[in-house]
């Protein structure tokens, strides 16, 4: 959410908000700007959607999706900076920031690299120990939070294929992105009901998921969000913020 | 303080800290970066120097000294963003942020423009009503804080010449900057003792000052800071943070 | 043209190109990035549209529309830099860059400020004396080019209201922007045929125009471009690049 | 050279220029800005030092030293952009740009990655086929230039230790950087006279070098530059630009 910048618009944030219980708001490094952050925070509070910071790599040109070889110290520092910036907007609007989810390449790097994961978990805890850290289910981020007693929420993806080891198949791999909304909704329900999923090689694997991630910046984001919510509700699954 | 950036170093922050009671720390827009912010905050806490945010215009190339025609909304938003970012570092290090002082062109624009001043004062108050807003003595920033019941500290300058109306003579004017440390120290003592100063045209004017500003990024910053502190102490003036 | 940036899209460049004889391509300061510049240059060459550089202020967040108080030296330098960057892409694709048009606030500031206008004209001439400088008809930019013997093209606007002194009514003024495509097309034809226009106060004024500017980044850009071209052609006016 | 930025100063460019025959000038992505580029180009022309562009990754905060996973297209585009920008300043000052040397992480990545190397070589050739591409001796950059018939200059380093395969020992390895000016000067003379060097494991290896790289941004840059030049001249080696 909140990934517009200056004169540039991305995402149909207002529409997507009808389908989610929590939003990750960009903090100005990979996307977003102070004006967009303010308006997005306001919008979430008005709609009762729980707010989290979505800190990313300092790479607006690459939308935070290009790996940058940063040190653990740099990861700590850019996380503190960005969650502080967003938290100020949430406070100014009278709300409370609930969670932090690293964005894009930072999320993926931290999922695999314990030093980066520790740095990010530590940043979150030192700014506000009540925050919940969102990370890929089974990843280093989740382990890093556990090591320091920080609450974490394990994320699963409705629209991404999994490898047998529980990591996401890289976007470059054929079939890595689930292009069909019905199929994504089906995967969402399966994860929610059984905490398992069929990996890209056909094997069933366990996914200990606390939350499902929906993208807001793709052309068919709205269709996916709507369909996934509809199927979850039809299956009797209650959608609410992690707490 | 904290105006270094990446591989670039500006200012002798460690040395200057011996002579001041409060520090204004750059927040990454006109200068500073997350790593510099973290280290500068740590340094201030270790040395018992009171910490304030120094939000500036988004203009690293111009060091925040070039006027940018921003709207009042943009001023509000960039102030919230930057003070939030710094506050997170102060919290992460176990300290408390005490004040906010706009930087450079933002400071000067807000001194003269009530709408910008209101926006900045409002930003400070909404993020944390306990913060003190530093502004030029007699300026719109001081009035804006008063209008909303936000505490403010009126700043005077030891090393700048005043115009008869109490504003600073622009740097482009001959004699605007006091180049002699002894003369600056003398002006500092006079302001502290008598709340008055001799303007550039020879007239005596009143300056209702709560705090004295010392620059940290000039070649002779250390000499000025040391001399001013020495003369203030010799005159029996106690130097301590605004509270 | 070419005002997209990274993951952000603005403008329907491909469609607009059917209606214009020359394109001003953003150079990465107010908008555009190296990849967008390369693709836009290629597109213009494929479509036989004459290419110009569109240097702007270093303000992606403000899309180059906020005045920044830069010095004449800074105006010279950022113009040299940006036209060099675009010229390299044009050369790499086997084409020739023909003109330079400052963008947004830089264009407006240079229209009124002789020192900025001289700096920009000088930058253009020193990089390539065969380039043509586009500026507002009757503005300082046109005079600055004349002073150093640089060829200039005086621009008129189909969709903007004029003040009696030949300057554009500021966007903040009611009626400053002509919202009706038919009316804009009518103004275009009138300027082309009679070199005059009815100012916002009803008076007829002379506009010595060599070229008509069409915007590419507004929602109805395509409708305006199409209608203006249609009416110009219906009136027997031949549309071709300045030379 | 030219790695200052805005209010920030790095390097003693004027002094270093006395000791070198060619200079690599930063182009605004990893360091440098349009004003610095203009002044550095002027300085080189005044001192008769041959000028090359020093394009880097878009990472001012990391000084271009952090790897960013860019695509070959992005490498092509950022190289075209930056060499065009510098070339414009060289032209505006009446000079001719002679070579291109990628900077920092871009240089290292392109040394090892044929696709990035090809993209950079292609960018150089398409902007100006008379340019000479500088790359690490024996690296992919040198091979990429050879593949397309672009002239290249193989670089050796006086102050860096080599691995047995001819690559540089990474800075993280102990002994990778030669801290003693006399030893660096000795290595410089040996490379120039015998086209060989003793690798970090004690073995002698061949280094087919056309040019020696001297750093300008380290604290003892001047001492190294002076000593290396002195020893080369004492050994009867003539120092002149690659041509």
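Letters A, B, C and D mark the chains in the order given here, with residues in each chain numbered from 1 onward.
By definition in this document, a residue touches a chain if its C-beta (ideal position, glycine included) is under 8 Å from a C-beta of that chain, and two chains touch if they have at least 3 such contacts.
Since we're looking at a predicted model, the values are computed, not measured.
Residue contact pairs shared with A-B exceed half only for one pair among B-D, C-D or A-D, and that pair is C-D. Set side by side, the interfaces C-D and B-C show unequal numbers of C-beta pairs in contact, with more at C-D. Centre-to-centre separation between chain B and chain C, using Cα means, comes to 41 Å. Listed for chain D are residues 33, 61-62, each touching two or more other chains. Only residues 28, 33-35, 37-38, 73-74, 76-78, 80-89, 91-93, 123, 126-128 of chain C touch chain D when the two sit together in their complex. Within the complex, the chain C residues that touch chain B are 58-59, 61-62, 66-70, 105. On chain D, the positions that touch chain B within their shared complex are 5-10, 31, 33, 60-63, 217.
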